[in-house]
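In what follows, subunit A forms one complex with subunit B and a second complex with subunit C.
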Partner chain A sequence: MAIPLLDIRDLTVEFATRNGTVTAVKKVDIRINKGETLGIVGESGSGKSVTSYALLRILDRAGRIADGSIVFGGVDVGGADERTMSELRGREMSMIFQNPRAALNPIRAVGRQIEDVMIQHGLATRGNARGKAIKMLEAVRIREPEQRYHAYPFELSGGMCQRIVIAIALACRPQLLIADEPTTGLDVTTQKAVMDLIVELAAERQMATLLITHDLGLAASYCDRIVVMEKGEIVEAATVDELFANPQHPYTQRLMRATPRLDSQVADLLPVDDKRRASTERQPLGPPLLEVDALVKAFGSTKVSDTVKAVDNLSFTLHEGESLGLVGESGCGKSTTSAMIMRLLDPTSGALTFAGTDIAAISAKQFAHHPLRSKLQMVFQDPTDSLNPRWSARRSIEDPLRRLTHVNRQELNSRVSLLAERVGLPLHLLDRFPHQLSGGQKARVGIARAIALEPRLLILDEPTAALDVSVQAVVLNLLASLREQLNMSYLFISHDLNVVRLLCDRVMVMQAGQIVEEGPTDKLLSEPSHQYTRALLAAIPHPPAHANPNNISVATL
Partner chain B sequence: MSTLTSNPTSNEGALRRFIRHLLYVMTDNPVTAIAFILFLLMIIAALFGPWLVPYNPLATDSSSTLQAPSWQHWFGTDHLGRDVFSRVVVATRLDLMIAVTAVAIAFIVGSALGAIAGFYGGWADRITGRLMDTIMAFPLFVLAMGIVAAAGNTIENIIYATAIINLPFYARMARTEVAVRRQAGYVQAARLSGNRDWRILAFQIFPNSLPPMMVQISLNMGWAILNAAGLSFIGLGVSPPTPEWGIMVAEGANYIVSGHWWLALFPGMALMLAVFTFNLLGDGLRDLVDPLRRT
Partner chain C sequence: MAIMSRTRLVAWRVVQAVPVLIGIVIVSFLLTRALPGDPAAYFAGPAANAESIQQVRVSMGLDRPLPLQFISYVQDLLRGNLGTAISTGQPVIHELTTRLPASLELTGFALLFSMAIALPLGILAATRPNTWVDHLCRAVVTAGVSLPTFFTGLALIYVFYYLLGWAPSPMGRLDFLYFSPPKVTGFYVIDALIDRDLATARAALSQLLLPAITLGLFTLAPIARMTRAAMLQTLESEFIRTARAAGLPRRRVLFTYALRNAILPVITTLGMVFSFALGANVLVEQVFSWPGIGSYAVEALVVSDYASVQGFVLTMALLFVTLNLFIDVVYTLVDPRLSAEE
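The block that comes next holds the complex of A and B.
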């Protein structure tokens, strides 16, 4: 067998923290051959990113490689001095970061940033760098590279920025490309374009790729081999086919089950014996609860010609007990729509009839104390951002009760305990601050706060976008159960058709402020009529079909 | 890694938790510990100074004028035979009082103005912004001199003058800190919970913008002491024979030429030490009020 390009043996990384030493990565063995694509899959805190940082020797000050060896192309990375490392970084191995905007210098033209890395490593001179940079822009399929060369990161979309980052990473023709969650935060169609590009360029240049992701579906679509990490250790390593045909480790099985596939129901995401599984029973639909009629939100100047319509003539009806999905990519106007329905934002024109009252006529300011306020609540996208960092979980949950109901201290405490129980939050966590809770626990606090006033309509704004898949599975089941227990209607807003479909009876697809397609979930997914819906569906990465551990979804269908 | 962090015991008293956190902040950074110790010494001197010192700071003694530092008079005596050490220690109270009151007024008024400007934007923002620009357009010390000279030569006016020249710093900082949090998720959530605007500003946004302001308070404290001493040095505000660092330096400066260096040196050192302490204290204070630094 040939000598692998990268050979990591027994890698152990430790961090010195306030509470003693924490081992983030434990005895990890990874080998990558030339031209191979390896995926490291794991949830947050599994040590997958730390492994790649150790590999590039860019660990935090508190972290250190405690044990093990890293050999890259014959160079001992663990023992190399800083000078050798800066030669290696960027030139031999380079990295694509999670947030492309944060990875680019905001005040330097993108073309210059590509030149910088080439000049740094002596692959271009001041004279010929410009031409080479434009060639790189062409290579990452950026149209009009001559003009884009002068663009600043803020002038480009997220997907474009990620292409620039890829161009910088590949400018020196490295042998190994490390992609750390390269598509998190990008829309699903952009994700496909970016991933296709990475794989294509890697094949063209005989480059090895290390793809770090939490998305099993994504890893399956683009990798040759997959390494599954949990709590700093590798629990399973196999080729994609082997792994999906016969996952050995219980963690891999759980992860696979939790990854939504095209045919799974919401309960399928959790093991059969899990008490948190939602029942599939649904309440019958009631009368219309929310009627949206010709809703418009225009931004910009008062002159008609200059305005941008974020939401353009939107109309739909949501019945009591119904769950409606609103799917679209970033910038399509779905968040503006939800803010208007929530009455956080005043619409430019149009009517919003909620429970028989035209709430669009009440200004956002006055609505804060309107009796209907408590019936219209929301679960926010980012559980961390939506909790006041200085308030304990208890205080966050009881805030709506204190503001909009008149209950005494004792009743308040029992209500909060009941809510915590409802969302499955252990009572002893109620006195913790948000930063002391995990992502899933924070999501539960946010849900408990949203249902505290027993709303009739709950808007879910990408409630699981910031969560790991296994936590997402639990949260989705929780939302499905709560809907039946409390007889709520949901408006589920997301960019991910695959998740929306698990909870919704009906789905609307939104593009550029307008609804382009609408229909019952099953029909919309099986026979999409609009081209945009088809593009969205095609872009979702899927694990291989034979992947289900117990073939549950096949049995239920 | 989150699973490995230790569980804080929630039934522990709030005070004990605070002390534990204080100890952590101090041991984590030795500079902070030094600053806290110096600060504690200053507080003791300010509170109990008159009872701790060996001599009456105002008592003159014509038999022992201008004596060099000795075991009897640690910092020597001045031209009227007063004990410099006693005067330096007793002066702490007045100087701290001026600084604390001035900074407190500047912080309360400035951050309230800034928070309102940052939260509502529009006209509120424009008016406060221009107002602060106007204050900043003057050389600050000259402005303070002008205010004291015009309003009358009293300690209160020194405090107001110091407060006014420090206002813009708090207003600008509060404005920025509030404006970046105006659209935060928890602010939206508070709106959905039926909170009125003032409540959101006071209980959700403002407390979260405190940590960077703590650093500002601490730095300003040093400036305020310098400012008060500076005004006294040029003969505004506090008048002799009241022990005050600025006056003592001013008086002592006349005697440096004749070799009586201790008259100006020791109050000057006290002034320097106070400013130094407050400058060091900033980071520690920020860590103390930042919930994210707690486990």
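The block that comes next holds the complex of A and C.
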């Protein structure tokens, strides 16, 4: 067998913290051959990113390689001096990061940032760097590269920024590309474009790729082999086909089950014996609860020609007990829609009839004190940012009760305990602050706060986008159970069709402020009629079809 | 494209300063009218009776209604006439133009001194947290804010003038052995250099050194602290990791990438420190008998010399507006994100 390009043996990385040494990566073995694509899959805290930082020796000050060896192209990375390392970095192995906008220097023109790398590694001189940087922009398919050369990151979209980051990483034709969650936070169609670009450029340059992701579907679509990490250790390593046909480790099985598929139901995401599984029983639909009629929101100047219609003539009806999905990519107007329904924004025109009252006629300011206000609640996208960092979980949950009802302290406490039980939040966590809670626990606090006033309509704005898949599975099941227990209606807003369909009876697809397609979930997914819906569906990466989660437990018994 | 919008933004900032200036003129006018006491009585002197005071009042135009007085005040202002100081009998404008450069020279030099120490200290402390440099930075910052300027000033005089004899006597801007250089900028050191008079330049500089260091030690603290905090935060950001992963050398990461981002809050702090120091260096001026604008204002207030006070308020306000404008413009030039705002 040929000598691998990268050979990691027994890698152990430790971090010095206030509470002593923490081992983030334990005895990890990874080998990558030239031209191969390897995926490292794991959830947050699994040590997958730390492994890649150790590889480039860009760990934080507190972190250090405690044990093991890293050999890259014959060079001992663990023992190399800083000079050798800065020659390797960017030139022989380079990296692209999650959150591309933050990964770029905000006050330096993007073209200059590409130049910096090329000049540093001797691939360009001051004289010809500009031409080469523009060539690089062309290579990552940026239109009008001469103009974009002068752009700053804040002037570009997330997808564009990621292309710039890729351009920086590939400018010196490295032998190994490390992609750390390169598409998290990007729309599905952008994700597909970015991943296809990476794969194509890698193939063209015979480059090995290390793809770090939490998304099994993404790893399956683009990798040759997959390594599954949990809590700093590799629990399983196999080729994609082997892994999906016959996952060995319980963690892999759990992860695989929790990853939504085209045919899975919300209960399928959790093991059969899990008590948190939502029942499939549904309440019958009631009369219309929310009727949206010809809703328009225009932004911009008073001149008609200059206005941008973020929401353009939107109409739909949501029945009691029904769940409706609103799917679209960033900028399509779905958040503007939810802000108008929540009466945080005043619509330009149109009617919003909620429980028989036209709430569009009430101004956003007055609606805060309206009796219907408590019947309309929202669960937000980022469970961390949507909680007050200086309030305990209890304070956050009781906030709506204190503001909109008149209950005494004793009753307040019993109501909060009941809510915590309902969302599965252990009572002893109620006095903790957001930073002392995990992502899933924070999501539960957000949900408990939203259902505190027994709303009739809950708007879910990407409620699981920031969560790991296994936590997402639990939260989705929780939401499905709560809907039946409390007879709520949901408006589920997301860019991810695959998640939306798990909870929704009907789905609307939104593009540029308008609904382009609407229908019952099953029908819309199996027979999409609009081209945009088809593009959205095609962009979702899927695990291999033969891997059926219901076979997993049988196969391993 | 980007350059055009920046020029427009800078022009817009300048235009925005105009209403502020008009406001300052109105407020400084009303403020002096609202002060207790009757200027006519002061001008007329202690021996005056009601009749002669009334005479003075008419001659000063103080009997007219306020709007009319305001119009003639503005007309005088436009002609560059700020009135006459009671205590010296000199026109206020003359006093201000000789004393303001003295204060600016002192403050500017002090700020240069503190930047020269605070910036490297802050950067070093941020790149090596919890090492001796960091501890030194912390100690200097604590000492800088906790020692009052009059104390440091006296201590420096005691050591460098009285004990060691290295510094000249702390009496004003120039030893009486030298003639003040022909006025070009009003800054003695620069004027003497323009005049190619090295001896005078050196003498002026040595007079300047102790008071400037005294003030500099005080202004050093906020600058060093802000530099350290901003650098620490920037060095933790993700684009620094990108730059390191791309193999850029340490110097380039530190200066081109980190420092240019971290300097933004430091510029704001510099602006605040400068205006604060200009107003607060009265104590330093008193200790070193420095003929600056701060001690002038205090003396004028003590003798109720309203024309001087009014002139002082107006000058300081103008200076602050100019300074803020300058900071805004620098900010706009450093940070491209601001051009996109309008």
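What we mean here is this: the second predicted complex is superposed on the first by the 549 of 557 C-alpha atoms of A that agree within 3 Å, B and C clash if a C-alpha of one lies under 4 Å from a C-alpha of the other, contacts with A are read in each partner's own complex, and residues count from 1 in each chain.
In the analysis below, a residue touches a chain if its C-beta (ideal position, glycine included) is under 8 Å from a C-beta of that chain, and two chains touch if they have at least 3 such contacts.
Just so it is clear, the structure is predicted and the values come from calculations on it, not from any experiment.
**Q** Specify the outcome, clash or fit, for subunit B and subunit C once both structures are aligned onto subunit A.
**A** clash
**Q** Answer with first, second, both or neither: which of subunit B and subunit C does A:342 touch in the superposed model?
**A** Once the two structures are laid over each other on A, A:342 reaches subunit B alone.
**Q** So in the superposed three-chain picture, is A:97 touching just subunit B, just subunit C, both, or none of them (first/second/both/neither)?
**A** Once the two structures are laid over each other on A, A:97 reaches subunit C alone.
**Q** Taking the superposition as given, does A:86 touch the first partner, subunit B, the second, subunit C, both, or neither?
**A** second
**Q** Give one of first, second, both or neither to describe whether A:380 is in contact with subunit B, with subunit C, with both, or with none.
**A** The first partner, subunit B, only.
**Q** Taking the complex as given, what residues does subunit A use to touch subunit B?
**A** Residues 15, 17-19, 22, 24, 45, 231, 342, 344, 365, 368-369, 373-374, 376-378, 380-382, 385-390, 396, 399-400, 403-404, 428, 431-433, 435-436, 438, 446, 449-450.
**Q** Quick one: which bits of subunit C touch subunit A in the complex? Just the residue numbers, please.
**A** Per the touch definition, subunit C meets subunit A at residues 1-2, 129, 237-239, 241-250, 252, 256-257, 260-261, 334-337, 340.
**Q** Which part of subunit A faces subunit C closely enough to touch in the complex?
**A** So the residues of subunit A touching subunit C come out as 56, 58, 61, 82, 85-91, 94-95, 97, 99, 102-109, 116-117, 120-121, 147, 150, 152, 154-155, 165, 168-169.
**Q** Report the residues of subunit B in contact with subunit A in the complex, numbered from low to high.
**A** Subunit B residues touching subunit A: 1-6, 8, 10, 24, 28, 184-186, 188-197, 199, 204, 207-208, 291-292, 294-295.
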